[in-house]
């Protein structure tokens, strides 16, 4: 729990508090200002890609983008300066995102199109949860995350099966529709169709035309109907499980101090002592 | 539970009973008549928008619309007159809806097209639940509402993640397909495509054409496959929780003090003593 | 439990056993033959609608259809003759279906196209569950049915909300896209689009073209994302509930003979007597 | 549990260990090499179907395919040679797949197009789970499988209902749209449309055009909305059930004989006595 850190100068301490913490007024103000800046900068990147807007405001966008980039670069430098362990920060999730949020701008000087990668700045908006640090949302997010993480192994196995399935279906449809339908021009494209169908997205850019092809597709859809239930079942099961865990009493044993007893438990399940209350 | 109200004249009292209550014969008849009127008026607004019907019955529709508007205006005035606290009513959910249900008609005199907002009258149909006040449906609706409300925080966090995700995916697809596919003409449009795909709606108005684009799309769909499970899991978890809460009484045994008895239990299942209540 | 019936002649008794029961060899053979006939007759109706097949086999189809119709008519007559209460049978679910399965054939003499209603014969295939009478499938079907019936009230309330929602969304999209997009030519058509979108079917026959329209659609889809979770949650909740009910012990009280005790119950919850085992 | 096998020569024993087991270094290396070969061979089959790649590398692909086929044939022969019971292996799931993985190559000498069936080799990738034999994934896969198997009866009943439903809906839509819409040209095609719609795939290759047709479709979609919930509910219910079973141990207390203790419990939660094992 305890961290040993080299003593910082008061300015650096203050800077650290403002930039990295969100529970002081100054820190909160800094974080909110940052979120507004990030949102504005993401909006500019998006609008820049819209042709008729870009033509009109090209200069404004260019200026704004560099203002944002300079500001974010200064912020990044200050973070490195004020953090206790610069290396740890730079290799952390947010540290990498912070760097990725400024790099494309500098790259765009040499490389046309690189500036669109600036949209990665959107990920910096995840900091919004830091402001709500002690709030309700973070706890909900954590419950969600835990359930998703617990489901990951099952979902990986499931996706592996789905991948094998779409390969077989794709090859089959290529054989059936291949020659007569320019949509099924190759097995990879037929696999793309199989994924579009099985996930019930159903663009309709590639559709079966022969009778056998339509019959097969209908079978695939009914299969997909049953299959789509599986990931839902997995996640739901985990969410209910973690709901129930949250329902478990927090009463601790007087002797061994361990928690996690059922509501109807009268004796500690770890040391056998009687529980109070 | 008790409300202190200034004494009303018998006529106003009677009016209040008819308009605001649904358990007297007169009140019920009023509510049913109102629901029929609302349905008819919504139907007229809809049919008016169908070109070949509008051409034929323009005069009839015009007359009907003003009849409905005048009737609803009278009703609105009577509601304000007969309610104990006009201000409270006017700022309540149904009070605002009642006003919005007549305003567009008057606005349409000055503003072409405003009359289509009259479709908001459909929301007045929610009053149907008042007639079924004591019925089964309201309880079911409440259970649903409670579960949805309990899921709201989790779903908000989830939608925030989805929004960041579609921004990144949209920008990526714009880079990949942008120049070669007029569908992905800008990042906002690519984000629209990402939402259409991730939610498995899949219009097919914008579809990837390059090999990399189709590969990326397939990955997005499989991702969406796993992601669509999350809101379902959230709502299901909450519904099951509220089901369980509704199933278990909290009445405790007088002798052994244990709880968890079924609603139909007359004797304690742990010690055999008679249960009260 | 007991039924008083007028005594039948042995022939009629035998006939009743063959036609209405499925646990004797003769009854089972009759039911299987019937199912094959029904399947064949449905197949003929379907193939008849395929133009190039119909041209080739018109005569064969005409003959087959009348053979099936005559056979089913005889069967219907025999059912009425051999059943204990003809009126009860004729107004039962299967009695009505049996009649509807022959009527369209006779109607088609006067009315062109009526023969396609013969596809209603497919519903007679539900008799397949009678053959599996004592089997596993029927129990599963019943569990499903009970869960769906228990969900019906909640789903009705839910569909009512969805209907109001698509009306508002439809009118809004008509106002936004109406003039510029022949797809959104009227409010009813816009409501059709809203249903296609909200249910994630997404044909793509009507798609938004304006920027505001696409923005609104994206919002509707994300909403639909959360909304689609609700019916799933309802049905899942009920299915889990009925699973749990099936888990409840079947041990009966020695004194009051009532069942439905929890697995951990030591005393009868209805009369307070000690439970055995 | 014990198997009596004829004594093998040490070479054959060693071969068996390498080919059929995955827990020795040699066995693991063999399995990993095999998986890489299978993946490469599936990739070649896929790329071969892409026209512009095939034209360029036709010779390379031809060579590679025969190299893979010869290697897999040798492997198949070695498996038969080194296995204790060749007949048992050849009729097992993997034995059949192993044969199917080489047959199409030989068939392609006589039969054009047969080589695309080589994609069935992808199924051999299921061996990947053998390498992870003792791992976490296999257990997860088993839990999934058990839940899916337990759901099978319910899902079969459900799919039977859905099939009857799409037949009725298809015939109805054929009657409504048939003459005026070349998409609904026959009942089988209308059934294809009904399946595309009910499963929310929604290609949009066939869409209703008449007002009644669109109204009916909207009803079908709302129905599909409620219906899609059923398979999800079934699988979720089973998954939760098997989760719960996995969570609760069946060990009973020696003194009070009560069960239902958690897996990490060391003392009885009801009487406080130490639990065994």
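By written order: A, B, C and D. Residues from 1 in each chain.
The rule is simple: a residue touches a chain if its C-beta (ideal position, glycine included) is under 8 Å from a C-beta of that chain, and two chains touch if they have at least 3 such contacts.
None of these values were measured; they are calculated from a predicted model.
In this structure chain A contacts its sequence twin chain D using mostly different residue numbers, the overlap staying below half. Copies chain A and chain C of the same sequence differ by a rotation of 180 degrees once their CA atoms are superposed, given in steps of 5. With centres computed as the average of Cα coordinates, no chain lies farther from chain D than B. If you average the Cα atoms of chain A and of chain C, the two centres end up 41 Å apart. Taking each chain's centre as the mean of its C-alpha atoms, chain C lies 29 Å from chain D. Among the residues of chain B, those in touch with two or more other chains are 188, 191, 200-204, 228, 232-234, 236, 240. Contact residues on chain D toward chain C in their complex (touch as defined above): 153-154, 156-158, 160, 164, 167-168, 170-171, 174-175, 178, 185-188, 191, 197, 200-204, 207, 211, 214-215, 217-218, 221-222, 224-226, 228-230, 232-234, 236-237, 240-241, 260.
Chain D contributes residues 200-204, 232, 236 to its touches with chain B in the complex. The part of chain D that touches chain A in the complex is made up of residues 42, 45-47, 49-51, 113, 116-117, 119-120, 122-123, 125-126, 128, 136-137, 140-141, 143-144, 147-148, 155, 159, 162, 188-189, 191-192, 195-196, 199-205, 228, 231-236, 238-240, 243, 261-262, 264-274.
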